[in-house]
Amino acid sequence: MAIADVSISATPAPQRSWWRRNQQRLTPWLFLLPGMAMFLVYVIWPIFESFWLSFYDWDGLGEKVWLGWGNYAELFDDDAFYTSLWNNVLWLVLYLLAVPAGLAIAIFLNQNVFGIRLYKSLFFFPFVISQVVVGLMFSWFYAPNFGLFYKLIEWLTGTGVAVLADPELVTYGIIAAGLWPQIAYCMILYLTGLNNVSPDQVEAARLDGARGLRMLWYVILPQLRPATFIAVVVTVIGALRSFDLVSIMTDGGPFGSSRVLSFYMYEQALSEYGYRMGYGAAIAVILFLIMMIFISGFIWKMVRDEREGY
Amino acid sequence: QQRTLKYYADFDPAPLAAFEAVIADFEAANPDIDVVLQNFDHEGYKTAIRNFLTADAPDLANWYAGNRMAPFVNSGQFQDVSDVWEEHNLHESLASAAPSMTIDGKQWGVPYTYYQWGIYYNKSVYEQVGVDVPETWDEFVSNCEKFKAAGIDCLTTGTKALWPGAGIFDYLNLRTNGYEFHMALTSGEVAWTDDRVKATFAEWGKLVEPGYITANHAALDWQDAASLLIQGKAANYVMGNFAVAVFKDGGMTDDTLGFMPFPTINPDVARAEEAPTDTVHIPAGAKNVDDAKKFLAFLATADVQTKLNEALGQLPINKDSSVADDPFIKAGFELLSTTPGGIAQFFDRDAPAEMAKIGMEGFQQFMVQPGQIDNILERLEKARQRIYK
Amino acid sequence: MADVELKNLKKSFGKVDVIHGVDLSIKSGEFAVFVGPSGCGKSTLLRLVAGLEEATSGTISIGDVDVTRVEPADRGVAMVFQSYALYPHMTVEENMGFGLRMTGTDRTVIQERVSKAAQILHLEQLLARKPKQLSGGQRQRVAIGRAIVREPKVFLFDEPLSNLDAELRVQMRLEIARLHGELGATMIYVTHDQVEAMTLADKIVVLNAGRIEQVGAPLDLYNNPHNIFVAGFIGSPKMNFLAGVVKSVSGGATTVELAERSAAPFAVPAGEGLKAGDSVTVGIRPEHFGAAGTAGIDARIDVIEHLGGVSYAYSGAGTDNPLTIALGEDADVAPGQDFTARFDPSRAFLFDPSTGLRIR
Amino acid sequence: MFPRPIEHSAPPARIAYQVALPIALVLWLLPLIGVALTSVRPSGDLAAGNYFGWPSAIAFSNYAEVFQNSPIGQYILNSFRVTIPTVIGAVAISTMTGFALGIYQFRSNIPIFFMFVAGNFVPFQILMVPVRDMTVSMGLYNTTTGLVLFHIAFQSGFCTLFMRNFIRSLPRELIEAARVEGVAEWKIFIHIVLPLMRPAIAALSVLVFTFIWNDYFWATVLTTSATTQPVTAGLYSLNGQWIASWHLVSAGSIVAAMPPVLMFFLMQRHFIAGLTLGATKG
Amino acid sequence: MADVELKNLKKSFGKVDVIHGVDLSIKSGEFAVFVGPSGCGKSTLLRLVAGLEEATSGTISIGDVDVTRVEPADRGVAMVFQSYALYPHMTVEENMGFGLRMTGTDRTVIQERVSKAAQILHLEQLLARKPKQLSGGQRQRVAIGRAIVREPKVFLFDEPLSNLDAELRVQMRLEIARLHGELGATMIYVTHDQVEAMTLADKIVVLNAGRIEQVGAPLDLYNNPHNIFVAGFIGSPKMNFLAGVVKSVSGGATTVELAERSAAPFAVPAGEGLKAGDSVTVGIRPEHFGAAGTAGIDARIDVIEHLGGVSYAYSGAGTDNPLTIALGEDADVAPGQDFTARFDPSRAFLFDPSTGLRIR
């Protein structure tokens, strides 16, 4: 009973300083302060500033001139804008092929044979490499006259195809380069997803006689929904942000046929011949609005999960 | 006390070496000045300059003469260096370039080199196919037919960076419509849908439609196209004289590499040439203006220009400089000093940047899709109306 | 050691009321156990006492001090979590000493207290291990040790044994009982395990949907439940509830006839306020059936479960309300057989079917 | 496990699989292998048109040349000067924001959290002009500091999402236990949360390292000179110089790709865990 | 319905042998329960029967057909998983019909069978719900329904009730028993819950470390365990094991003196091959203590747990091997008191301490 006796005297008399009473309420704000400050300054505020800038004509050097909707009016009468928009749509649609392709590779690799870990990492490789390097690799791959791809086509059909010189093919060529790392990314997501597939359900389905594709469709895919969701999200974002490859591989060419919005925006605002900041901002705003559709969807789902989850 | 001069430039490796030598000389002459040269990739520099002029200005910066420097002059990014011109009597020694350095009656930089454009050709290929060096456009085109039959690209180019295509256009237009018209066009005074412009493209079409121009040029850099000429896969190349270094690096010699002026199209038009001038400027934000001016003056001297251009393989501006003993340089000097029609800078220096960009894209597209000519010209016209307003 | 007093304590999460005004007093040194079905608010009530949730209204006092708005650390309580909540990156010793260290207690004092607690819980050998290297029972002990070290006035346990397997659970149960004896501290213990409640508690608090149904000593609740809920909740297997009708009331005893089962009317010694014709619910514990009983229910036995020591016979096994009968070892019934289950009507209970309240 | 483990199949299928694996890998990595081979081809081979045949020699000299005749060493150094502070800054900041958002329940918690998440998904082109102006006016244009500050701020969106979700997955009881013991909130952060976050910190660090190392866009927008440009942007410049010198371009590419690749192989477990944790939980 | 025959069945995972040659025959319509401590191979054995694991050697036949190498779906078995393994994205109806759909059964047939199964399991109201919207017990029912729909020859259950709470467990246990009666199918059931084993099984198979310890009817195992393992495993609370020494053997009875507890020597009616001085282990079930016993053990009672119907007294509660004594309701002992626990020595068991085998 000695212990209990000590206890009363040993417990310090409650000190209710102001800080002590409020620390639970104040602590989160103190911890949030640096992150929020930087994020507001560098991310949130610039978004609004871009909106505002998009109503001006400004070359980045001189005075800003109020244009109202002028930039937008011009944009909607700009062939290059429509080319970029169309290419963005192409990117969006074709880039999504990364999702099934990633799934296919993931399924192919989801085995337990000797050395499979190494194979998985090597398959994942393209994602770790910078897009700049990927772009250079594919430029080399596509290079007219001696590129591996050119040679391959030449060997198959007799005449090589210079993908990056062909206005019809160039976007597809760049997207293919972009797919390479993106497939790797989706593959990893699916590999982890497959890892978490409930073995019980698979076994139950085996007892139920589901096999192969039917197993995949009816039992596995529904369980992979979270992985699929995130794969789609990152792929869509990747497609809309695509800039590096276009810049590296073609600089938007030939004659602007591989431009996408993000590249066109940069070209207009900061490149050698550009410096139309307001016009660039207007393009960025359009891009932002397109992305907003997806962001809202994502947030909506998160809010829902958050409600259910916690 | 040691002072530094920050100098941003965009030299390729060979000119870089030449310039480093010049800088060494300058430093030797001015032991208290330390020149820090920051070299950029040639293409990247064109983007970078916009950024560093406003943000992180050096004391000296390379750029180009003519309309190309206009935006920076107009927005006050380059300093007026008329005093240097006055003090060192550059109006006389650099007279030939003075007009292209002058805006609003003031001078905004110092030119140190220029070089001719024209057609470089592979002599062995000409021999192999058995054709003569053409004088007129018709001869040129008919040669092309023979080259094509031999599986050789008659005219090569690499338009990945767009500007090589502009060289072809400039010459076609100069030969078809003449210098005055060309300058009017690039300064936005003539509609792109003008019949005379169409005439120029019609001449061009004579090469494009039969496929005399290297296919896939849109994916090639100009150096790639140069290799084609070196390897004998192509016969002619419309290029500036700076390309000679590349041809020679690739193994060509004075015996195999030939140079000819662009052939005559319309004999009624006076021969005009294209010779871009490279310049050095003092940005408005420069911190060490005095020494920068010293450097400009130094760069303008006859000796320096002689030495520099000997290494560059190009032509000095200073009339007292001597021209190197090199057949191509001599040919260029000959060509330019006898030009009756006038000397253009280059499409992307004569036209404002935005127009240049759209125009060069149009040229590239024309060489890929000649059928789109009407669309292209309409687009250019629309751009012209917007840009020059 | 301290009294714990809850007065009209209420708690809502957003719009959902979870605790609807609880009044409860736990005496110093008492072992109180909260039981009740899942979601009834046991944990919430405990966390209110700990200060981990803020009361919506009402007061909590510990040792005569109103602590309703006091920080958890200053209430003089210690809590043992269901998940143990051991800090995985600290050794056992560090785990136990952490709280004291952070509040600036002297190093030697910490060491002393930790080693004393370790001794009490037989943890001396494990002080240098990390939680990962401990078995479930050992982890549980460390969690308790961490509480002991702080020498709290009140110990709070939230289902501390539910992650242990059956055998260990018995062992730790005995250990906690011993500890309570040794420390003599006030303890409040949440469980949904009947056996734990029955065996550990000085006082069981039966909660249902955020309200206290009954408070009392274990056998008190078993023998004298206030209502159908408590009667059904305490005791295993569950008490049988049979619908009945009052035939007559006389001399403090009520003669009841069953409504859905055939049985001779029998007299139950209770009947306050009843009159003939009233519906009642008769409660009979399975273990109160026996050959010596004076009343009997005729039932067809569907299933018999032999558990070795005891067997249970079920009548109406498929229905919602089967009759469960504990059989002595000697009983000789077979499934499918008709059988008269004898019981002692004086041990039966009567409840009001509408309010669920016990009729005494 | 799906598909059926191949070891349960008949031997022919097993062998077929074992054979298919390397073939698939080679096809998959064809561009990479091609570039790797090209990077050790003597320049003579390329001039002679020997692009695919057996290299006449293994020319590691290409790598030496890359380092000697170009500022790639400087570029790589710049990349480190950008990447390392960014990793430290972003991880530090997001550990704090993640803690605040993951542990405390206050009314604006969810809106703030979604602000970070949404900001993370914004097409960053919309930030370009204002961020560039801001950096210019702060005098940080063409400095690694300017780039680092922006990267930290922008990455803190993703990192906060990641950290917050990770902290959420920690048992709440650990924090509550400490609170009952009277531990101050910031001490809970230091003594309980931080140690438990170690795996997340490792994972996030590797991830952010890769992201930042591979960033090209912002490097292009915010830096211009070889003294500050990271290797991605530098490589683009060099590509302009090395036209037709594919052996150099290849060697340069391989050099530039090396650090994140090494990072990936050294920290593979963390990397993949991070990728999927940050992602799938979102 | 079909016989299930296992012949010298072995299973290794890599180098680890998990099942060491099991011979077992389960008759058509029989309800067999596998019990044993965690990790003993119960699930593995069941999964071998299901075909979810491939046998390393030995044969499995179901209804006289050797199915050792047959695909799970073609063995005519259905399995109910501990986790239920319902497809979360399908409704109850789709879940139940999925197996038939996969085998291309006619749509109307599926519907018919599903609704029949739903009726049997009272799931009619829930057919359109997703598993998430069901309670634990309902999910369990759906899992069983999914098995029923396939009309298998053999039902396999792997701890189907272990995720349910106590009350539901009792209910579902009765339900499964009823189902077995109704369908008359062969069922194999894995559990670690004694009560389930005792109550459901026609035949209990006690496994230990991949070997069968004993097979028999529940009461058979309770009353007649072959060895110490089975004796200790069956029955709750666990049998008390006391070290003893043989004093004399005569007339089929052995007089034993306890080694560690004080008790007058008593005679146990067994003793094959024993002689005076041999060590034996004496097993006495807690519930076999009682006032009427002719022998007695002197014990100091540490703790008494009152569970309502029954109370247990523990002697040596802190030690590894406490003595557990079930007390009748009338017993009047208090903790700390010395007490002579009387028991009937004829119900005690003797075991060989070295081999663990029962001495008869």
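Every chain is named by a letter (A, B, C, D and E) in the order it is written, and numbering of its residues begins at 1.
To be clear about the criterion, contacts are C-beta pairs under 8 Å (C-beta built on N, C-alpha and C of every residue); 3 or more make two chains touch, one makes a residue touch a chain.
Molecules present, by chain and UniProt name: A = Sugar ABC transporter permease; C, E = sn-glycerol-3-phosphate ABC transporter ATP-binding protein UgpC; D = sn-glycerol-3-phosphate transport system permease protein UgpE.
The structure presented is a predicted model; accordingly, all values stated were derived computationally and were not measured.
Fewest steps needed to get from chain A to chain E, stepping only to touching chains, is 1.
Looking at chain A and chain B, the chains in contact with each of them are D.
Take chain A out of the picture and the remaining chains remain, by touching, one piece. Across the assembly, the chain pair joined by the most C-beta contact pairs is A-D.
Centroids of chain A and chain D (each the mean of its C-alpha atoms) stand 13 Å apart. A separation of 93 Å divides the Cα centre of chain B from that of chain E. Centres computed as Cα averages put chain B at a distance of 41 Å from chain D. Between chain D and chain E the centroid-to-centroid distance comes to 55 Å (mean Cα coordinates, whole Å). Counting partner chains per residue, chain B has residues 43, 47, 51, 54 touching two or more of them.
Across the assembly, chain D contributes 132, 184, 220, 236 as residues in contact with two or more other chains. Those residues of chain E in touch with two or more other chains do not exist in this structure.
Chain D contributes residues 132, 135-136, 141-142, 220, 224-227, 236-238, 240-241, 243-244 to its touches with chain B in the complex. Chain E meets chain A in the complex at residues 50-52, 71-74, 77-79, 81-83, 85-89, 98-99, 102-103, 146, 150.
Residue ranges on chain D touching chain A, taken from their complex, read 1-3, 5-7, 14, 17-18, 21, 24-25, 28-32, 34-35, 38, 49, 51-52, 93-94, 96-97, 99-101, 103-104, 106, 109-110, 112, 114-119, 121-134, 149-150, 152-154, 156-157, 160, 168, 184-186, 189, 210, 213-214, 216-217, 220-221, 232-233, 235-236, 239, 246, 249-250, 253-254, 256-257, 260-261, 263-265, 268, 272, 275-276, 279-280, 282. Across the complex, chain C meets chain E through its residues 38, 165, 167, 170, 174-175, 177-178, 192, 194-195, 198-199, 218-219, 222, 234-238, 285-287, 302-303, 305-310, 314, 317-318, 322, 326. Partner chain C is touched in their complex by these residues of chain D: 171, 173-174, 176-184, 187, 191-192, 195-196.
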